[in-house]
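Below is one structure, written out as structure tokens; the observations come after it.
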Amino acid sequence: MSVTYLDAIREAQAKALASHPGVFIYGQDVALFGGAFKATKNLLQQFPGRILDTPISEDAMVGAAIGAAAEGMRPIVEMQFADFSTVGFNQIVNHAATLFWRTGVPCPITIRLPSGGTMGSGPFHSQMMETVYAHYPGLVVMTPATVEDAYSMLLEAVLEIDDPVIFCEHKMLYYHLKAPALPTVALPAKHARIARHGKHATLATYSAMVHEALLASQQLATEGFEIEVVDLRTVKPLDTDTLLASVARTGRLLAVGESFPWGGVTAEVVSRAADEGFALLDAPPRRLNAKDTPVPYHPNLWTAHRPSANSIAAALRDLLRS
Amino acid sequence: MSVTYLDAIREAQAKALASHPGVFIYGQDVALFGGAFKATKNLLQQFPGRILDTPISEDAMVGAAIGAAAEGMRPIVEMQFADFSTVGFNQIVNHAATLFWRTGVPCPITIRLPSGGTMGSGPFHSQMMETVYAHYPGLVVMTPATVEDAYSMLLEAVLEIDDPVIFCEHKMLYYHLKAPALPTVALPAKHARIARHGKHATLATYSAMVHEALLASQQLATEGFEIEVVDLRTVKPLDTDTLLASVARTGRLLAVGESFPWGGVTAEVVSRAADEGFALLDAPPRRLNAKDTPVPYHPNLWTAHRPSANSIAAALRDLLRS
Amino acid sequence: MAQTAFLESLPQSASQTKLPVESALDESWRDLYLKAFRFMQRARVIEDKLASLYRSGKITGGCYVGRGNEAVAVSAGIALNKGDVFAPLIRDQAGRLAYGESPADAFRTYLGSRLGPMRGRDGNVHRGRPAEGYLAMISHLGAMVSAATGMLLGRRLRGEPTGIAIVTLGEGATSTGAFHEGLNLAAVEKLPVVVVVSNNLYAYSTPNSRQFACESLVHRARGYGVRGWDVDGTDLNDCLKKITAAAQDARQTGLPQLVVATLLRLSGHGEHDDAFYVDATLKTLPVARDCLAVAEEFILQTNLADWGEILEWKEEAKREVESILAEVQREPVPDPFEERWCCLATPGLCEGIDGV
Amino acid sequence: MAQTAFLESLPQSASQTKLPVESALDESWRDLYLKAFRFMQRARVIEDKLASLYRSGKITGGCYVGRGNEAVAVSAGIALNKGDVFAPLIRDQAGRLAYGESPADAFRTYLGSRLGPMRGRDGNVHRGRPAEGYLAMISHLGAMVSAATGMLLGRRLRGEPTGIAIVTLGEGATSTGAFHEGLNLAAVEKLPVVVVVSNNLYAYSTPNSRQFACESLVHRARGYGVRGWDVDGTDLNDCLKKITAAAQDARQTGLPQLVVATLLRLSGHGEHDDAFYVDATLKTLPVARDCLAVAEEFILQTNLADWGEILEWKEEAKREVESILAEVQREPVPDPFEERWCCLATPGLCEGIDGV
């Protein structure tokens, strides 16, 4: 039997619901329908009254979750697509994120953002939003790349973290990414993970791009280069130690992200490495992001818009040559 | 006679209104009242019918501006505080920013964001928002630091740029910053400017922090160090050429911003310098930002939260020692 | 699903579609009705084609049809003149046609043709030609209300006649802050924006009971200070009559209108959705009538046309649509190497492209 | 300002404040009235003090008072029991007192005392103690409606009695999407949230004519499916009667209520604002009556108390407030070196602080 990334998200929610009476799920079409991506399928039957369909009101969905959290609940809010969280943006960055600091009352809500591009989804159903949320104090931003992490990080977000967590789950991984079973032990979410060991360059990335990075590293391996792939897992806080330790081993850094190019994780990674790990670098640290336009609809454009195994491999070759 | 930063903003709007019949101003309390900060004072009398008070509806204000722009108008939207633009966030980043790319119809709107901290303004009337807007493709983000730039960049934004411009004007500079007169010639907004020449280190910054940077540089000058201050002026697009040329002269870089520390301009500046200017750097490039909490209310906390001449000077000493 | 009270509030037997007596004799009404009917028919043909393209994997992404919504949609489209503003949503193929959109543009946008209005950059129902008053929806529901209002505002500020605007939405979209701010703004600005809400009883899978708690959404009109219209969305007569009247009122008074039509969505939310969640009882009620079938029956009963003509129109639509599709399928698709990857209109400002 | 039609719609002469006959004889009503009055008086004293602190430069940032709004505010506060949820806004000093907030907390928050609920991190009217059901507003108008709803939702999901919630807003805040989404959500969730709107005719400088176009905001109630209450905000009798009744109705039915009180703001938007823009005619109308003066007059007319008592209460309030202020001024203010500069509740997650 195998478990998909989506199964892992569903199972983590089921486990959280079973473990803590304060957990409930709030979102559009999450109840009977089981969610636009079926991430809450059958949960209503298992946990009647705790999976609630909401009106199309992202601001109020988050606002209500904040109120419930202030009362000791641990709500999970499902955005139908990450892109629609822009409409709940204010409640997330100005209300949820500031509640504990202002009032001393924790705000343990998990906001699930089905993120990232899939073919044909176009500008408004494809976005990565970790950049804007990670910028704001008071939020934890997770970007799991594996089935295991989708499970254990979501569980940690819902049950253990007493702050608002922006959980960026990648839609591309939902159905295709599989693992033999759910994990039984877990690395805490705040630690990065070495997804592949190497010595010639460090490739730091997260979410779906981890898989493109691994493919690119395989290409490079056939060319004689061992790439170390660092899966950041959580981008705020960012595990600078693991990053720098890897750069210390390899002397070279490429940061890859699926987001728009200005700012974001790759800028944060590269600037931390340049600042704190300057002496470790044998070559200019590099970045590779999506292109600086909205995410295009047509597959031809979409494929060229985001980094891919090929464009990452090309960037690595460049980096290794420099 | 002297002109304040705020006068410059008002005069630029007056000139824009006089020059182009498509210009109008849309915002809360901008008409008879002349705006919460008086940036539109008396404009209603001069341009009757073209300065319009709106309901407290940031989403609809921006939406309406987009529609008007699609009809060939050149609206100026005043947010009462930058912080409230979070409620219009979706229309800005998903509608205004994508309109031209999607449909070929330009969207020349200027959104004025009274930005940044002043004492006692607290978490929701103090924010810098350039980071989140600069991340999105399709927006131009200006952060003028001088009276001259407040004037010429705003004029350029309203009259010459056919794209949505996020105009981050700093509230701290409104009343206190003065110039002898309005400028008659102007550097295009997309170019950075050397605000002070130096040779020992480059200090790249923008908006109100330019003035803290200049003060810090004066301190350092008394200690024998000549700091080159680069005023970025516009953070998207970012003038990497001017930045790198300065780093080439000095070999050292400190990027300073008033925003929250994760991501943002300082990360973008440092990572570009590290990537494109690696060989020019004699020391690790550094960053200094506000602290990673909401902006505090009490002056004691507020003063410690944001970078200041003193903390910048300390960071420079560190940099010069490294 | 707590639909019971709501179910009871629906009419339990079909309110006999009555030919308005004044209209039966009115030639221009008959022409309008038949014109509308033929757009509906054609829209259904186009959407059936889209659905079959989707099923055969020729459409990437989602596919959304307006089955059941044609009477509302076409009435909106027909009420508009050239130059008026139209901001349709996902279920408005019939209205788009009536407003003057080429049938090719639907296929072009779904297939990503470079010759379509969106040039492969955006897809499916996200299409329009704003330079002609025809807005291209963003996905975020409710956002188009203020944009349409802004178009009229721009015209008024320029001293031009505003024309009117029609913005369509589902009942789910009325729960967005954007809808509220937009309609309120139109009311404050006193602009002739007609907001047409199709309450098709579901927003994706969400029933009315989890969307709003008022008796009827039309009761919201008064709270905005706009005129409200309650429409039977299954009946083309009622739709045409009231939606054109609302548009006419907007033209005459210069003021906004809120139209609320009731009907049942006769498809899944998208073609991927089997709509298992739709209440079985609902499907037996008059609200579940197919507006196209109702219109056909009306035409036959009143001898506006005979069955042969109706069939011939449909065949004609099919032939036309087939041939348009065949052409569109030969149109060029986007080439990433030809893209400039620059999304600014102003020359010289794109990072990494314009030498910036 | 296009206020004319609106002006005409306002009552042109004071609707004689009538002692409700049933109540005049009712001791508990008299007690309630006087209790409310004294909170109003005390709030006025506190706010006058705040304003003078502001003028003398002792308050950094803005200063906002509820002059004219006391009757509405106090009625909201009085309608609540301990444990109920309260989400007040900027003009609710009287309601905060009535709900049980210590008078010290206003000064503490304005002066940034480390002992205040916000510990100098947030200021002025942004204060509360959410652990006790007392929400601390964020500035973004409308945002608290859904948060208060969420608190009740949380309680219901836990199987506890929800109590009720009162959320206060100005009429300007009703134009926000957050208000609409929040009230609609409360209605859909069927939670006893009482939304009290003070239409004080201005939102900062913006008159009603640029804020909404309906005849009365209370007409919005039906569109949400909630009960509406139209209140004379200048008359404590009317406010107390209807707002406590609305609260009572919420308690009994478990359903939301929309209260709309009308009054004129009797101050600037903040103490920095001279309110030059307020229509001079408005100031002559009954709507401009000072609710505190109206209540005083009522007390005297009905012999609830005499002038000496009223004055003595005021003096007592002054003495008390002076002494509280003196204490608060001796309280410690925040020390940046003692701040951890970490805003997460979870240990080990703050960047640069927790070794991350």
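Order of writing sets the chain letters: A, B, C and D. Residues in each chain are counted from 1.
Keep this in mind: a residue touches a chain if its C-beta (ideal position, glycine included) is under 8 Å from a C-beta of that chain, and two chains touch if they have at least 3 such contacts.
On a predicted model such as this, the values are computed, not experimentally measured, just so you know.
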item: Common touching chains of subunit D and subunit C; value: A, B
item: Most distant chain from subunit B, judged by the mean position of its C-alpha atoms; value: C
item: Geometric centre distance via CA averages, subunit D-subunit A, whole Å; value: 41
item: Intercentroid distance (Cα basis), subunit C paired with subunit A, Å; value: 36
item: Euclidean distance of C-alpha centroids - subunit A vs subunit B, Å; value: 30
item: Set of subunit A residues in contact with two or more other chains; value: 54-55, 57-59, 83, 86-87, 90, 94, 97-98, 101-102, 123-124, 137-138, 236, 238, 262, 291-294
item: Sites on subunit D at which at least two other chains make contact; value: 118, 121-122, 126, 138-140, 175-178, 181, 184, 188, 210-212, 343, 350-351
item: Touch-based graph of the chains, sorted into line, ring, star, complete or other; value: complete
item: Subunit C to subunit B touching residues, read off their complex; value: 85, 117-118, 121-122, 126, 128-131, 135-136, 138-140, 143-155, 157-158, 177-178, 181-182, 184-185, 188-189, 343-346, 348-351, 354, 356
item: Contacting residues of subunit C [partner subunit A, same complex]; value: 1, 59-62, 112, 118, 120-124, 126, 138-141, 172-173, 175-178, 203-206, 210-212, 277, 333-337, 339, 341-343, 350-352
item: Of all residues in subunit A, those that touch subunit B in their complex; value: 83, 86-87, 89-90, 93-94, 97-98, 101-102, 123-124, 131-132, 134-138, 236, 238, 259-260, 262-271, 273-279, 281, 283-287, 291-294
item: Complex contact set, residues of subunit B against subunit D; value: 28-29, 32-33, 36, 52-59, 80-81, 83-84, 86-87, 119-125, 261-262, 291-294, 296-301, 303-305
item: Subunit C-facing residues of subunit B, complex; value: 21-22, 24, 49-50, 54-55, 57-73, 90-91, 94-95, 97-108, 137-138, 140, 160-163, 190, 236-240
